[in-house]
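In what follows, chain A forms one complex with chain B and a second complex with chain C.
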Partner chain A sequence: MATTTALAPRRRSGSNIALRRNRLTGIALTAPAMIAIAITVLFPLLWTVSLSFQSFDLAVDAPPASFVGFDNYARVLASPGFLKALVQTLGYVIATLVLELVVAMPIALLLNRATRGSRVLRLIIAIPIMIAPIVASLAFKFLFSNGYGFVNAALSFVGIDPPSWFASVWLARGTVLVTNMWLALPFVILVLLAGLSNVPGELNEAAKTDGANAWQRFTHITLPLLKPAILIVLVIRIADAFRVFDSVYVLTGGGPANSTDVMSSYLYRLMFSSTDFSGSSAATVLFVIVVGVCAGAIFFLLRDRTHKA
Partner chain B sequence: MERRKSGRARRWITPLAVVAATALGLAGCAPSSGGSGGGSSADISGQTITVGVETGSPWQAFYTKVAPEFTKATGVKVKFLPVPHESMQQQFLSDAVSGSGAYDVFTVDQTWMPQFASKGYLADLDSILPNSERSDFVGKTLDTATYDSKLYSVPFMVHNLVLYYRTDLFKAAGITAPPKTWDEYRADAKQLTDQAAGVYGTIIPGAQDVEVSTRLESYIQQAGGDIVDAKGAPTLDSEAAKKALTMMTAIQNDDKSSPSGLHDLTDIQGQFLAGKVAMAFVWPYLYGMAQDPRQSKVVGNVDVALNPGDPDQVATTFSWSFGVNSASKHSAAAKKWVSWSTSSDILKQLSLSQSVPVPRSSAADAVAKEGTLNDGQKHAFSIFNESVSKSATMPMTPAFPQYQTAMSVAVSSVMSGTQTIDAALSEAQKAAESAHDSAK
Partner chain C sequence: MTSTPSAIDRRPGERDRTALRDPRTPRRGAGRRARSSAATRRTAFVVIAVAASFLFLLPIIWIFTTAFKPTSEIFAIPPTLLPVAPTTANFASVFSDGVIVKMFGNSLFVGLGATIMSLVLGVPAAFGFAKFRYRLSGVLLGGALVTRMFPPVALALPFFLEFRQLGLINNTAGLIIAYIPIVLPLVIWMLEGFFRDFPDEVLEAARLDGLGTIASLWRIVLPLSRPAIGVAALFGFLAAWNEFVIALSLTKTPDAQTMPVGIASYITQFQTIWGQMTAASVIYLLPVLVVTLIAQRGIISGLMSGATKG
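So, the complex of A and B:
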């Protein structure tokens, strides 16, 4: 017993040194990335938060900035333009996330089968990822154009009266949705494909043997195992969706009647047209809070509940 | 369990405290705009100035070509940084706010010139244009570069919308002259519309776009009104504005003399050059494009005329000018460029090479006497100059970009059928009043 007690302290100090060395190594290896994130993300964010509590003018020889508490926030929250842009952004985000998953899932399931041509199809599907959003938006603007757009020409060819895509509120919203889906679907499909490759084939085989139909196998086996991939898609796409700007700016300019105005275009106007730097700082912080809450909600809803017991 | 919970809590407290302390510390830091520039009027030879220009514009092409003459005369090298039209205000504003002086000279669009001048981002140029030079500028063209009685830029082009029309279609329809009144314009547009052939009498703007707002402002002035009153307060819900929107909706929706959809400048000039529209209101630069077979399907069948009015045959004038960044470190050299690039001889060359009207009467006279111009070009230039001399410019207020936004929303609301004319103008008036109050 004395020997065991005498041995124990020597093992504990050796493991402490190893632990400390591992911790220091970890810190040293992650420090450059943390410093870069602090400079490029944390500092601008905190700086914007501080600006949002001040009233200032960036004119030459302007009076010094003054602390105004929550005045900027009150002004922005009372602005009908901000609330309209926020509601429209939320509507767009929900619509685009749902539609992307609904459209991408069957395509990913199809591509997951080892059929002939699936490799070539995967390459073709990935092409939009290489196109800059502004270029795609310009292309879609011409595609949907009344006078010389391919979409209306095709509709006329099959005998359908072509609509004015940018003249109607819901059609204009549709063009923004379609343009962004074209850009985003490849990413969603590829992530789902990666997730599907981790679903063991034996589970499906066993379920099939037990008499489960395709829908049952999808909902009880494939979908639960795809949760991590869906979570990745939702978290990354929610940030992208909230940031939508290029397609709105190019396709509709926020119109008609501000019906496609989103947070990014609202902020752009507040900053560069109205040169309201204080207001745009407050609006930016509110925007970040909204995005954070939505992302947090997704993490919460899709959290792993298996270890709770 | 309790030890694990308190350990988790401790892990959050420290980083949160650091973040909160940093934020509070930053709250005490005030932002400031860029400082003032430098550069005395001592020898400027050997310096290099950077001029921000609109990408793909006629003036980018022209000034890039003639800049070596400036270098030869002054020893100052000129570097051009092209910026897309839509990004110019944003890029120049970012540079001005930062005070970096990356641009010494801005190509200034009049619509945001008062905004820049009011914030001190443009240098005062009164000293570079003596009275003897000012009298050479046509009519009120220097008003387009003046804010609060000081000159902040010097225009190299002052223009407004003119009526482009298809001479062949007019002849075929038996219409002997372009319309002078709104009633004639509406009647001619109806007569010239042949939907089966895919040709419309005219094309009415409707997109939510600041370019569209310049058209509404022109229509309001044609109806005898303006977007501000004598004291400079906005009057977007005036009878003239209602008249203008009523005319637009009548042609678009009742007569169907305009293609369906909400049109912007790209649509308007594109459809005219493609031969799908008989009359369109566009800027003078379109004349050269209309005569170029690589860009136009209507070469030889285009002429220009004054805008029809009800009662005034006018359109709002706007200018493009050169202004000096107040944060420029080569302000003397930059001012020399502004003075040289807007001199009579250079403007004459600009007008001839790019078919654009210029604001100096000596240059315009020299162009008119130029033996290389054909009759069509001479007529076009005379219309451009007459149209500018009859017309008024935009209100020189820092709130003008917000007035443009309010007008463009009103136009798109009405043309899309989302709001009535009264409701749209009432909303636009409220937005403009708020902008006006903020700008005081």
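So, the complex of A and C:
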């Protein structure tokens, strides 16, 4: 910085002082929040990393904590429960993202065209965003329940033999997926709608007069222009999908036979049912690494795309 | 926030479309048929929209109607939507031991506490990141936003062990601290994008008038940003109000438990007490739904602009 001041003409050095004052103001304004995040996120995370290399017990007469290297990691990675929960979490994240986009897209396109009542419809669609996941999950638990649930009543009404939703592996997974889609679709639809409002109507009209059909117009005009909105949906929803817990806890408790277990429910059980704290600190670190790698991949994808665009 | 430019963008497009359509319809000579088919299409749209909205809102409607049903009706086969003999017995039994009032108070205290702390820390931070860049500010902002992607369950273990030593287990003040990583990044994320669009000229004018940074933030920026800060506060509050896994991990008794934990406890190992559970859910949902209806426009535009600026 000293060299720049020396080389710069007089006028510049004045603006440099202003620049430095700006910088100090920025640091002063942001420091308290950054310190708070360091205390509540960074420190706990680093502490978990250090715990993951120790063997410790919370019992009163337990031996003092000892360094055990990668033993906890080896134990967790060797346990079938961890790998099953990890694979199921990844499967859930992919399934929920694909399904949400596929279902939300036509709804957003319809709402974008509807001029009448679209404000009311937008409000109705936005409601689940406000609803606590725990309450929504309880409602769906009832709707899918055996004798007195609405879903099975409707199925019997049209002559389909109603299944036992929470007893079968894939149907139980389906209930978790449906519940979370209900919770997340509003956000996806609203972001897509915001993206659609930037698609100029003239472009579609011009393509129409050139003889492009609806599907061609969608894939060649709308979809490319929606790319930023879709990537925002992906980034936010991937983070949300990885943390899914409430619906699994309420609907299935991870069952049947751990087939709906995800990382969050697995970790919670390892901590508070098995009270295996050294094991769960290693599992927590592994989980954070997986989320971090996925988030990083999406981040670079997003940056590449925006640079090209 | 972004609604003004998009409305301007859209208007000429719509005018063009009608301009194209108008000369065409009379040429076809099918004016009346087109009009009646448009009418049926509109009716069909309304019918489908109402039916879809009803199905979409069924989980919430069910909660509200079941709360007023006697137990025999809750387990009726086939199920009914509306209570035949409405009763407030579920609410009476929920309120009978006072636990629900305590938990509602805990939720409110924790939600407001986490929101206020996050605003006090987050508003200046968002303003600083948006208007006073320094060498590391981009990295730090990125770091703060990455914590939004962080699974809360990963914090349950270190918070549980730390709070055990500090005596903050089963403590509402402890929960407020534990919610900072959830609410604060959200507030910074929503407001940084807003402050970035705040006109520099206004800040420059304030500076020339001799206002310091804090004074211009307090007296110029805050009053002009009230709607954006309101939306950020609302979403921050909702994040804390709806949070479950951390509250479940760090609280043990109704002294510190929040509403989601209390409602989930109506699922016992042997049965789910639907009547009381739905009554408690109504008490829990009602304030949120009322605020949603009052602040609907701000919420939707805030969501859309916050999301697109990410």
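Here is the rule we use: the second predicted complex is superposed on the first by the 287 of 309 C-alpha atoms of A that agree within 3 Å, B and C clash if a C-alpha of one lies under 4 Å from a C-alpha of the other, contacts with A are read in each partner's own complex, and residues count from 1 in each chain.
Everything that follows uses one rule, which is that a residue touches a chain if its C-beta (ideal position, glycine included) is under 8 Å from a C-beta of that chain, and two chains touch if they have at least 3 such contacts.
Fair warning: this is a prediction, and the values are worked out from it, not measured in the lab.
*Asks:* If you stack the two complexes on chain A, which partner ends up touching A:148: first (chain B), second (chain C), both, or neither?
*Replies:* Once the two structures are laid over each other on A, A:148 reaches both partners.
*Asks:* State whether A:252 touches chain B only (first), chain C only (second), both chains, or neither.
*Replies:* The answer is first: A:252 touches chain B but not chain C.
*Asks:* Counting residues of chain A touched by each partner, does chain B or chain C come out ahead?
*Replies:* The larger set of chain A residues in touch belongs to C.
*Asks:* For A:226, is the partner it touches chain B (first), chain C (second), both, or none of the two (neither)?
*Replies:* Neither partner.
*Asks:* Report for A:176: first if it touches chain B alone, second if chain C alone, otherwise both or neither.
*Replies:* neither
*Asks:* State whether A:295 touches chain B only (first), chain C only (second), both chains, or neither.
*Replies:* In the superposed model, A:295 contacts chain C only, not chain B.
*Asks:* Just chain B (first), just chain C (second), both, or neither: which does A:44 touch?
*Replies:* second
*Asks:* Would you sort A:272 into first (chain B), second (chain C), both or neither based on which partner it touches?
*Replies:* A:272 sits against chain B and chain C alike.
*Asks:* Of the residues on chain A, which ones does chain B touch that chain C also touches?
*Replies:* In chain A, positions 47, 51, 58, 147-148, 249, 272, 277 sit in both the chain B and chain C interfaces.
*Asks:* For the complex, which residues does chain A have touching chain C?
*Replies:* 22-30, 32-34, 36-37, 40-41, 43-45, 47-48, 51, 58, 114, 116-117, 121-127, 129-136, 138-143, 147-150, 153, 156-157, 182, 187, 190-191, 193-195, 197-198, 200-202, 205, 228-229, 232, 235-236, 238-239, 242-243, 245-246, 249-250, 263-264, 267-268, 271-272, 277, 280-281, 284, 287-288, 291, 295
*Asks:* In the complex of these two chains, what residues of chain B are touching chain A?
*Replies:* So the residues of chain B in touch with chain A come to 19, 22-23, 26-36, 86, 89-90, 93, 97, 115, 118-121, 206-209, 259-262, 264, 267, 270-271, 274, 276, 326, 401-402, 404-405, 408-409, 412-413, 415-416, 418-419, 424, 435, 438.
*Asks:* For the complex, give me every residue of chain A touching chain B.
*Replies:* Answer in residue numbers: 42, 46-47, 49-51, 53-54, 56-62, 64-65, 67, 145-148, 164-169, 249, 252-259, 269, 272-277.
*Asks:* Quick one: in the complex, what on chain C touches chain A?
*Replies:* Interface residues on chain C, with respect to chain A: 2, 6, 9-10, 12-14, 16-17, 20, 42, 45-46, 49, 53, 56-60, 62-63, 66, 74-79, 117, 121-122, 124-125, 127-129, 131-135, 137, 140, 143-144, 146-162, 164, 177-178, 180-181, 184-185, 188, 213, 238, 241-242, 244-245, 248-249, 259-260, 263-264, 267, 272, 274, 277, 281, 284-285, 288-289, 291-293, 296, 299-300, 303-305, 307-308, 310.
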